[in-house]
């Protein structure tokens, strides 16, 4: 077990900077998830922690020891790769014990550790098989077993679930979480799936274009996104953004509708342009608020999702962006074409600076 | 009713086509076999005889009885074996290193080596061997066969290691393996099919090589192709024993070709290499 | 803000300054092969170039003569004739296997029973020991006793003199070369055919294209890059061809089938005129490289154009 400290880390390939100065503190035993759109540099950062990529600037320290120049084999970490990277010519048992055998661990100890890991993951009957004889989910477990057997300071995962089907993904999510609660090994986990991040992490690091947008606990990010990127990235369906300006004690949309701010008007901001953010589940029918036409109603049983088009916007391509999403827990008789008037609970509304994207 | 019939006809037509296509090869080797099993009279008969009434097994026994033939067989075995083993020894790691360093430009040297006529290596190396006093031993041939075998092995292994996933080796790095352990315990076992392909092609092209032998071999160090050629030009033997000798020389290769045709096809189309 | 950036720079500079690499270096894997390649491949190239500037006969004094060997080449009628033979031989030995190999590949690209075995047999000529097959061809070419003239007599042709007459010797040798190397073209084209998508064929079939039209407007343009690879490899191999020619004719009758390679052999190892032989080797080498470059250039273009069906 260990802490990991990432300080001003940078990574360039030639003239192109991929990671632009990133700092993260990871406590002993913490489960940290790096999340962000594909191509934002998550894997690169993880691979720098592993020692698979050179660090162009800044430091990575494991247990307060800077490991920038330490080759991966000396870092005492274990990594689970996206494609599992199981050795095809070794049995499952040999795959799991490979690292221990390299260290000349005693036979009895190897057997004991492999059996323990196999027990945790339910791999017992498969130990003599080869990777090609296993299903995707089983391979995924073997890859984790290989990490567990090592009993390393840090677990690193790079999108370990992205090759599994939806159902298995949900199941493995739970298993990984349980495994972490049991072993309490410091874990850094990369995914582009914000639901995975929300459900599994102690702490989420939202990355975008090589920088960190925000670090925080899942619900913190959900309730208090630091900027429009995080607000839009976390939560599904995504947050609605309505452009307009601050005026009096409320918010005026571009077409003149009024939305409440509940007295949380920032100082000296009358008439200032802003973006009003509302999560789809926070809209309510209201007397005052935004008038919009129902375009699509999508009941899923447990909830109903609606696409609304604010009055005054056309059906054209440009105005598609203006469309709003509303999620209702209760069933509704609303039909396409109907006009509704909606507004959020003012306490749950967000305000952003349209130029910087920062929260106001 | 007519559709299945038409399909059947199509199939039959295709089969005839293919039979036609393999017949030049098939008939040639059958004729070779026939020549090698006929007595002098039958080989000189007109019209030619395909299957003689009496088989001339003695064509084979005479060439095998002459103890020099066994010597030449042994020479071929040594030269091909040594040149291939040495090529694997240096070529497999080199293919690995080049693939991992992404040093594709260095493969150009291999390409050019493949394009160079074997004869132009012979002049300088002949002088070198003469100067070193190696002529008369098998060493010159073993060494010069490396011109053929090393490029084949490197070329095929580069292609093979490029297709094996880097992720596996990274996993091994994280698991604590040194670069030698990664090579020996992860990369090499996975590349086994590629090594088999490189081995087979290297053996075949070295075994078949003729041009190096006619210059470098003395009477005692001839390899089989040179020995058979010399039977033609100097000893004026009749067709039967000559065809038998030719067949014996090429038989190992033919058997290997049919048995390992899948590997051979894979290797030839991957690099489209040829020795000499 | 300024504090942040300056400390940043320090950290960056510190790690750049260290030279130790995380990844292992792969050089140790390459060095042994490098030594071999330099010894048996690069050294001969360089040494040949040097010898070509010398007057050097085995057993005699050698002296530096500059470009004199090359001047001599330009006026050497036997060399120029050999050059002509080489070009004719090469051109024919590219075209014939290309046509036959493509046809064979189309036939093999179907679901055949025992396809592997058939392919194995088909490939045998190119893997067999060249000297061995050349001996048998020599017997088959025999004007009186050879089986080829007998077969021709069955259809009322002949008898031909085959490799024993200057007018037919090159064509006869091309026949052997074609028999030997059609399989290689077939394998390359077969690889190309295997990589083709199936949808265009299905849609062409719906559009009512005939088999010939499908070949002409779909298959041929799509396999053009593979055909170019076959042309390149075939050209190089035909230029270098030695075993078959040497065994069957040794360049004869007279010098009617003498190629550059055979002439090079005679000069260097029959007359032991090492300097002049080296000059031939250099010219020959340059010729091969030039041809390869031209063909590679064409190949690039064909890859560009392969989509538009021309």
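The chains carry the letters A, B and C, assigned in the order they are written, with residues numbered from 1 in each.
Convention: a residue touches a chain if its C-beta (ideal position, glycine included) is under 8 Å from a C-beta of that chain, and two chains touch if they have at least 3 such contacts.
Just so we're clear, the structure is a prediction, and the values are computed from it rather than from any experiment.
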Field: Touch-based graph of the chains, sorted into line, ring, star, complete or other
entry: complete
Higher-contact pair (C-beta pairs counted), A-C versus A-B: A-B
Message: Among the chains here, which has the CA centroid at the largest distance from subunit C's centroid?
response: A
- line: When centres are defined as mean Cα positions, the distance from subunit B to subunit C in whole Å is 16
- prompt: Distance-wise, how many Å sit between the C-alpha centres of subunit A and subunit B, to the nearest whole number?
  reply: 56
Message: Quick check: what residues of subunit C touch more than one other chain, meaning two or more?
response: 24
- prompt: Residues of subunit A that touch two or more other chains: which are they?
  reply: 51-52, 71-72
- request: Please list all residues of subunit B that touch 2 or more other chains.
  value: 178
Query: Which residues of subunit B touch subunit A in their complex?
result: 165, 167-168, 170-178, 181, 185-186, 189-190, 192
- prompt: Contact residues on subunit A for subunit C in the complex?
  reply: 7-8, 10, 21, 51-59, 68-72
Message: Considering only the defined contacts, which subunit A positions touch subunit B in the complex?
response: 50-52, 71-75, 77-79, 81-83, 85, 87-89, 98-99, 102-103, 146, 150
- request: Could you pull out which subunit C residues touch subunit B in their complex?
  value: 24-30, 32-34, 36-37, 40-45, 47-48, 51, 103-104, 107-108, 110, 112-113, 116-125, 127-133, 135-136, 138-140, 144-145, 147, 150, 179, 183-184, 187-188, 190-191, 229, 233, 236-237, 239-240, 242-243, 246-247, 261, 264-265, 268-269, 274, 277-278, 281-282, 284-285, 288-289, 292
Task: Over in the complex, which subunit C residues touch subunit A? Could you list them?
output: 4, 7-8, 11-12, 15-16, 18, 20-24
